[in-house]
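Presented below are the structures under discussion, each in the form of structure tokens.
What follows is chain A paired twice: with chain B in the first complex and chain C in the second.
Moving on to the complex of A and B:
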């Protein structure tokens, strides 16, 4: 019973935390990683697990030094961007600006709009057809758009009560335990970042959104950030939630905001 | 990883104290068809989990499999599996209350 009370007291403490503003959240977030990894520069978190794992870093750098396995796909995405008339949509007149603008909270629809959501809408408008959410065309085109913004900084804004509510929901999703293993995203990507889980070293959540869509050797292809969410949920033995659903978009909103100030990079390779 | 396991286990022991993990419990709530009541409990629990994005990975397939077993006349196995699925949904419900307001511990 005492244990229960402590747990409940802990929870009410967390409730108080849940609605902190983004800047102070991110400060605490960065500070956590700074304390855990004093030798890792803030800017290096764009490199995911390779920012922490010396062992695989050289392999990563070698791959980037050569012709990365996703180069052709990204080029193709650029051609597709024009071929399908996506440059005609207002949202994509300036592709680099589009990458920096998304995800944002749209007051009109009261929803988070991810880059992929905007792409899907534009593609439908131009072709009358549906675009997927996780791999193939959408990942190629999204990667090409992001390439145009390489070197610019992630700058997600959370302004107003409704945006804050979406952010808070994404944040709670990230820190909440779920699935048969009773784990939270944070259990792996915050509290155990840099440690080994089976054959993998766990990446820090700081920088999770700088190189998306990412190329994964295991996929032998590109995938959107939310494709990865599905995979991690499955590994937690939680039921994966549809990519581009409201809750996944809110999770992305939170994750992107936590990476504010980091450079968008075209170094998309991951194991 | 060990630490992870310990936190995971301690949360589950809490839910156990709260009576959610009583493995011996039979979810038959008095209905004359034990499968019917077991599967109904599993399905409504799972549906509630889905509605709040907290469903576990395998609960849905366990429910499907239980129905198959029942159709094949393997009632005892079907009831056992339906109960297992219901347990999962109860644990997911217990997680939901905590997850809604979860935040960092730093």
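Moving on to the complex of A and C:
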């Protein structure tokens, strides 16, 4: 009981909606997980649920040691990147740098630009056609771009009042209750990380963005981070929200910033 | 920005109000089926309950309920709206948000009360 009370006291200061700078938010975030899981190294949070669960970790490592089920798709994404002329857009001249730069707050449009948003814009510019937001081509190409940055660290910047407002909105969304089940993202991925919902172990939100687009066995394919957001919203019986809408981009901005300092990884496998 | 947030949560609340509670189809579900069914109470998602398989462990095991809740109405109230006791709870307000019908809340209460 005492443990529970301290945990709740810890939470209420995390939830504090008042605008706080990213560094102090992230410090609190990291400390929360350090207290909850003292044996997990910070760098290991790139491995999601496998950082907490010894049981499924060996299976994860076996899959990575072999030929991961997404390898071919990522290679294809690399070919598509060239085939559709995406290397000609200024944003993607240097793919590794592009992964590290996004998401960023664009002062000109006053909006967060995710890697996928930049890809969609570039694809349209080059081909005159629209690119989806969740799976297939966009996920393959985005995964290939991210592979080029493997080993580099997430480093999202929130500078200026408008960027801060976008970040704050994403943060409020993450901690806010919603849907018929009245749940918050944080309910599962902060306060109950490591616990089991039926047979699913809940991943820590720290590191949620290091391996995106992720491969999921359940999807039998790759999906963008925001594809996953859609799945979780559905599980909370919340109103569906389109991928790449402003609020989802702000949520991603917040989530990416909370993973600052963690390595971008090409180990994309999740159950 | 703040306005967007409040309108989003207003929409979510409205959406929740209009989602029809899961009605038992042609065949009535048993008390156990309402409690365990993934599309009904799905209490096993979070609670160990004797007789149920593959439970989660987000909430405490549901055992000795008569001793925990001498007054059965208190147990029903916990299931109908867990936020009364703990505003931050992850447990869904099954009755209040229409996840279950009033009758189904009674069924779950009856079933859990025997554990």
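We adopt the following convention: the second predicted complex is superposed on the first by the 254 of 271 C-alpha atoms of A that agree within 3 Å, B and C clash if a C-alpha of one lies under 4 Å from a C-alpha of the other, contacts with A are read in each partner's own complex, and residues count from 1 in each chain.
Heads up, the rule we're going with is that a contact is a pair of C-beta atoms (placed from the backbone, for glycine too) under 8 Å apart; a residue touches a chain by one contact, two chains touch by 3 or more.
The structure presented is a predicted model; accordingly, all values stated were derived computationally and were not measured.
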First (chain B), second (chain C), both or neither touched by A:176: both
Chain B versus chain C as contact partner of A:199, first or second or both or neither: second
Which of chain B and chain C A:28 touches, first, second, both or neither: first
Contacts of A:165 with chain B and chain C, given as first, second, both or neither: second
Partner chain in contact with A:190 - chain B first, chain C second, else both or neither: first
Partner with the higher number of touched chain A residues, chain C or chain B: B
Chain B versus chain C as contact partner of A:238, first or second or both or neither: both
Those residues of chain A which chain B touches in one complex and chain C touches in the other: 11, 172-173, 176-183, 187, 191-192, 195-197, 237-239, 247
Chain A-facing residues of chain C, complex: 1, 4-5, 8-9, 11-12, 15-16, 19, 44-46, 54-58, 83, 88, 90, 92-93, 97-99
Residues of chain A that touch chain B when the two form their complex: 1, 3-4, 7, 11, 14-15, 17-18, 25, 28-29, 31-32, 171-173, 175-184, 186-187, 190-192, 195-197, 233-234, 236-241, 247
Touching residues on chain A, where the partner in the complex is chain C: 8, 11, 165-166, 168-169, 172-173, 176-183, 187-188, 191-192, 195-200, 202, 237-239, 247
Chain B residues within the chain A interface of the complex: 1, 3-4, 7-8, 10-12, 14, 17-18, 50, 53-60, 88, 91-92, 95, 98-106
